[in-house]
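When the chains are written out, they are named A, B, C, D and E in that same order, and each has its own residue count from 1.
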Amino acid sequence: MTKLEAKDIVKYFKHDSHKLKALGGVNLKVEDGEFVCLVGPSGCGKSTFLRIVAGLEIPDEGQILFDGKPVTTTGPERIMVFQEGALFPWLKVQDNVEFGLKMAGIPKEERAQISKRYLDMMQLTKFADSYTYQLSTGMKQRVAIARALVMDPDVLLMDEPFAALDAQTRDLLLVEMQLIWEKTKKTILFVTHNVAEAAVLGTHVAVFSNRPSKIKKLMPVNYKRPRLAEDESLLPFQQEILSELRPEVKKS
Amino acid sequence: MTKLEAKDIVKYFKHDSHKLKALGGVNLKVEDGEFVCLVGPSGCGKSTFLRIVAGLEIPDEGQILFDGKPVTTTGPERIMVFQEGALFPWLKVQDNVEFGLKMAGIPKEERAQISKRYLDMMQLTKFADSYTYQLSTGMKQRVAIARALVMDPDVLLMDEPFAALDAQTRDLLLVEMQLIWEKTKKTILFVTHNVAEAAVLGTHVAVFSNRPSKIKKLMPVNYKRPRLAEDESLLPFQQEILSELRPEVKKS
Amino acid sequence: MKKNIFLKKIAFYIIIVVVWQLFSISNIWPNNIFPSPYEVGEDLVFSAADGSLFFGIGTSILRLLVGLVIAIGGGVVLGIFMARVEIVNQTIGSLVLGLQSIPSVAWVPLAILWFGLTDAGIIFVTAIGAIFAVTINTYTGVKNINPHFVEAARNMGAKGTQLVTSVLIPAAFPYMISGFKQGWAFAWRGVIGAELLFSFLGLGFLLNVGRQLNDVSQVIAIMLIIMIIGVVIDGVIFKRLEDKVMSRWGLR
Amino acid sequence: MKKNIFLKKIAFYIIIVVVWQLFSISNIWPNNIFPSPYEVGEDLVFSAADGSLFFGIGTSILRLLVGLVIAIGGGVVLGIFMARVEIVNQTIGSLVLGLQSIPSVAWVPLAILWFGLTDAGIIFVTAIGAIFAVTINTYTGVKNINPHFVEAARNMGAKGTQLVTSVLIPAAFPYMISGFKQGWAFAWRGVIGAELLFSFLGLGFLLNVGRQLNDVSQVIAIMLIIMIIGVVIDGVIFKRLEDKVMSRWGLR
Amino acid sequence: GSGETTHENKIRVAYFPNIGHAIPIIGMEKGIFENHIGADTKIETKLFDSGPQVIESLFAGSVDIAYVGPGPAINGFLKSENHNVKILSGAASGGASFIVHPNSKINSAADFTGKRIAAPQIGNSQDVSLRNYLSENGLKPVEKGGSVIVLNIPNPDIYTLFTKSEIDAAWVPEPWASILVLELGGKRLFFEEELWPEKKFASVLLIGREEYVQENLQVIKGWLESNQQTIDWINENPEETRIIFNQFMKKTMGQSLSDSVIDESLSNLEITSDPIPNSISTFAQRADSLGYLGRHGYNLDGIYLDINSNSQTEEVFTTHD
């Protein structure tokens, strides 16, 4: 069943001196339970595309279908992990993680149980009572991930969630992500600039072209799981992604 | 000649429920012209250490010596690239890059020449007139790097500058960084969570232990330059760093 | 540390009083224009002794409280509506700006017409003098909220009242505090101004008596009391609130 | 689009006038308490015809301008000092809060004593009514600056005046604008209030005349003029300034 | 023509746009002052609406002479540096009444208990008279633990509250007294002068700063002469006075009073240069017993400008005793 479909998405932005065509007709079909990694040159429009899917931005042309119905607004079935965190500075770490649950009216004890599980997973238990300005960048990002996972959405939209993490923590989370996905069979769109990450996580890798971007190639990933970041067997596939990407970066 | 020396740096932070010892006596000696990459688990205190070196934070114990003199304040001889950018939203990209030059009283035309070089290098020429909210995350980070390089400081303090960049752009910048360093023989402290990056760039890699952190190991990197990210010959050294790191992340 | 600040403040005020006394001894200005602190003090002791001062303070503060509660309640609601509902902003918004520019004293004739010479009339003048300051600050605060906060919250299912209470208000709080501060300052001025013109009990009435009898030292004595109450309320209530919020936001 | 907004506004105001007319026709209140819009309009036409209205407007605006310039200049300087120099904040800062709570009307007797019945006296009342609002908003603005901005700027060699003009002022500008807005509102109120009490030319004088003669329709007519000028100044000057700054900060 | 003269001298005169201040209003409108002293002295007029503000302006040196009530005159004298604000002449006497609201059942002081009674500003003539009247009748205002609610509010607000039936009575000067009677159906319970020893009391006085007077004796002399001329003219031409007064109101305030109100007001006033010194000392006693003159006692010696060493002045000031 098709979970998400992007049809000819076009998006312009106004800059003082010129008009910028960021997305130039993006087409993408994501089946239920697929894990699609989006890669592309910096500034090509990956974040913009994710925001459109989340319903936070309106495309100038084209539309997003979710379960066959056009997306017009944002909703808790499509949860986004923002590239820059967007944690609430007035809430403690635990309250940040529980935010969506609270909005859904889930009682306090139950919330605490759920958030505890994800705080443990993200190794943040010790900081449950801290405020976000007291965290390091990587810790903030882990809070943002926990906050999204807690929502248990149909579709998870992740914008470079592991970018600020150290290699070790990331490796742990790469394994964790695969387990979560296998267990829940969520549909995931995952933006990354790390081809190894894409190869480890995705059922598919979508390569964006340079601006005005389209999806240049959608590559299925056919390796058995669990995959590890250090798997040498993934290297040829990574090279394949890179060879698609290289000419795009040169252009920009 | 010793350019920078950290002597028993200790730093505490106050959290609501407890006091956190972030740095537990960091000792580090950096000779003039060395390129030291700092790696360590998320939240161990790498950013904090860099801020102390920059003179932006005062250690609770110990001191930093710069050219043998204690550091008490910040100064343009030690320029920091902030992990979160800290670009000025009220300035256009080009004016952001030229900020330090303007402060130093350099005339407009000269500033424009210098900034043009670095904007080109960072592939941002087209966005010279944009405001920072109009940039993607990776583009912002490139502006931050350009803004620091333009200052031509003795010591460059870089806090995960490449974290938000796509693989291709990063590979280009890895080469660029090595060229800049070889040409100018700057002293560089470079925080990264990417061990490949550390192996490519550093003359040394300093591994932080978990909180309260010290420098667990200072490893010289003895491969000839220019090094490339895909060099397979660097893999064993990367494994060596990882094996130092792994137990630290487990602890946290 | 805290004691130190306190001592400095005391010293500062003592210096002011001494300089003032010296000035009035020097007789640059005649005494009926520029009374000495001694005379002013005498007046204070006198009105404290016969109880009229405390009765005046009590009356004014009671009116202040009622007026302020109305102003803050109404102002916050109106401000949020203006910021979030474009049509409200376009219509009522422009009216608010106009009403804001009418001085409290101008409302007095109408207040007397509509409410007569009652506490309600004074409270009306007070509230109407303060409500628009709160409204405008709330509006500015809500408009200045980092859009990511709102997006993230909506994405996690917050809407309607929840969005307002869980995100808009806390996120706009640093601005709103300054709105409350100003609202309270306007309200306090409004009470005193209204009492002065209504000449119906309270500190403003005492001020008016001083004026009617051309008793400058009483005028200054009452102005001092008004100031002191202003400083105390600000220090006891608003300073704490502000400090708390500021540290929560990592701004200290 | 813009035309649409304009039409909505017009419609809104027409509705208000119609409702008002209906109320006054209904004769719930006697006419000398609640005049009809027709009577108010008649009064306006009359005073416009004999020129007294325009003379009044001109006089008030001139006084406003002088007072406002003094208030903004002084307030910005004082506010920055308070935010950046702790001792200034601890001493003068607490005084400012006190002075801020004294209503303009309370300054009138002293202003007459010190300056006589002159323009200088009215300007004094105006400026002193506005300066502290500007001061406090500037202070809040500077205190709320993202500390990274200041750190980065100092790191790049900005200090003293440069730091103030290149970073503190632009970074605090969103707050300062609201300070200016409030400063101007205070100043405008101050002018009118002072004129009303001095009863010395200007719009406030006309208001007082209306009051002395129990001419409610003149009182309301002049209040309308005060409002309209308020809205115009706000719309022409401050709204534009604010829009520009807001879009610069990506807040729109 | 004032155009050609250089005017080394000038005189700044303060008064209210009020019927009790008929002398400066009519005198200026008819050019009596201008004709007499205008050739080498520039006359600047300043309109006020509150006595204390006039005193503040005298203190600040931005006004030279002023027409005010006895309250501010006494305060001005007592509070001024070296007592340099002094009474130069009288200007009006009488002209205040006690008006009862049509809905209120006040027939005498015995009915005051629990009633709301208004008078203008604290310390002005009507306020002092009202409070004194209360104590003479064994009554006290609420703030002193008594039973009468005394409200000190400006005349326009008294009018407003009268229309709204929110006060029971008011002790007000002309023209407000007549307005309340003629427009709002108030009942004049008594004229204030009925309560004074000689059935008259000073209600408007001409005061001035002594140093100005000393330096400009000629000007002051001329002013006082014109003052007297104006008084005579007014008393001879009540009809024309009303017309000129209304023209003045129309011109400066944009509105005029009804003929009947002005006529009634004028008939309740006496325009005179007699300062009625007895009434002033009585007034001071009353104000002092209300605590209005400070806590250190008072002394009115020298309140009338009188410089023996200067024969010119003496002559000027003896004309109306």
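The working rule: a contact is a pair of C-beta atoms (placed from the backbone, for glycine too) under 8 Å apart; a residue touches a chain by one contact, two chains touch by 3 or more.
All figures in this text were calculated on a predicted structure; none of them were measured in a lab.
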| item | value |
| --- | --- |
| For chain A and chain E, chains touching each | C |
| Steps needed, at fewest, to go from chain B to chain C via touching chains | 2 |
| Furthest chain, CA centroid comparison against chain A | E |
| Interface residue overlap between copies chain A and chain B, same or different (over half shared) | same |
| Most remote chain, CA-based centroid, reference being chain B | E |
| Chain-chain pair with the highest tally of contacting C-beta pairs | C-D |
| Approximate Å spacing (C-alpha centroids) for the pair chain A, chain B | 26 |
| Chain centre separation in whole Å, for chain D relative to chain A (CA means) | 48 |
| Distance between chain centroids, defined by C-alpha means - chain D, chain E (Å) | 37 |
| Junction residues of chain B, two or more chains touched | 84, 131, 134 |
| Shared-contact residues (touching 2 or more other chains) in chain C | 33, 109, 113, 197, 211, 216, 250 |
| Numbers and ranges of chain E residues touching at least 2 other chains | 52, 56, 59-60, 156, 160, 164 |
| Inter-chain touch pairs (all) | A-B, A-C, B-D, C-D, C-E, D-E |
| Footprint of chain E on chain D - complex, ascending | 30, 32-33, 46-47, 50, 52, 109, 112-118, 197-200, 208-209, 211-215, 218 |
| Of chain A, residues touching chain C in the complex | 54-56, 74-76, 78-80, 82, 84, 86, 88-91, 99-100, 102-104, 131-134, 147, 151 |
| Chain A-facing residues of chain C, complex | 146, 148-149, 151-158, 162, 166-167, 170-171, 173, 245, 248-250 |
| Partner chain C, residues of chain E touching it in the complex | 51-52, 55-56, 59-60, 72, 75-76, 79-81, 121-124, 143, 151-154, 156-157, 160-161, 164, 166-167, 292, 294-295 |
| Parts of chain B lying in touch with chain A, wherever the complex brings them together | 13, 15-17, 39-47, 83-84, 92, 123, 127, 129-131, 134-139, 142, 160, 163-170, 172, 193-195, 242, 245-246, 248-249, 252 |
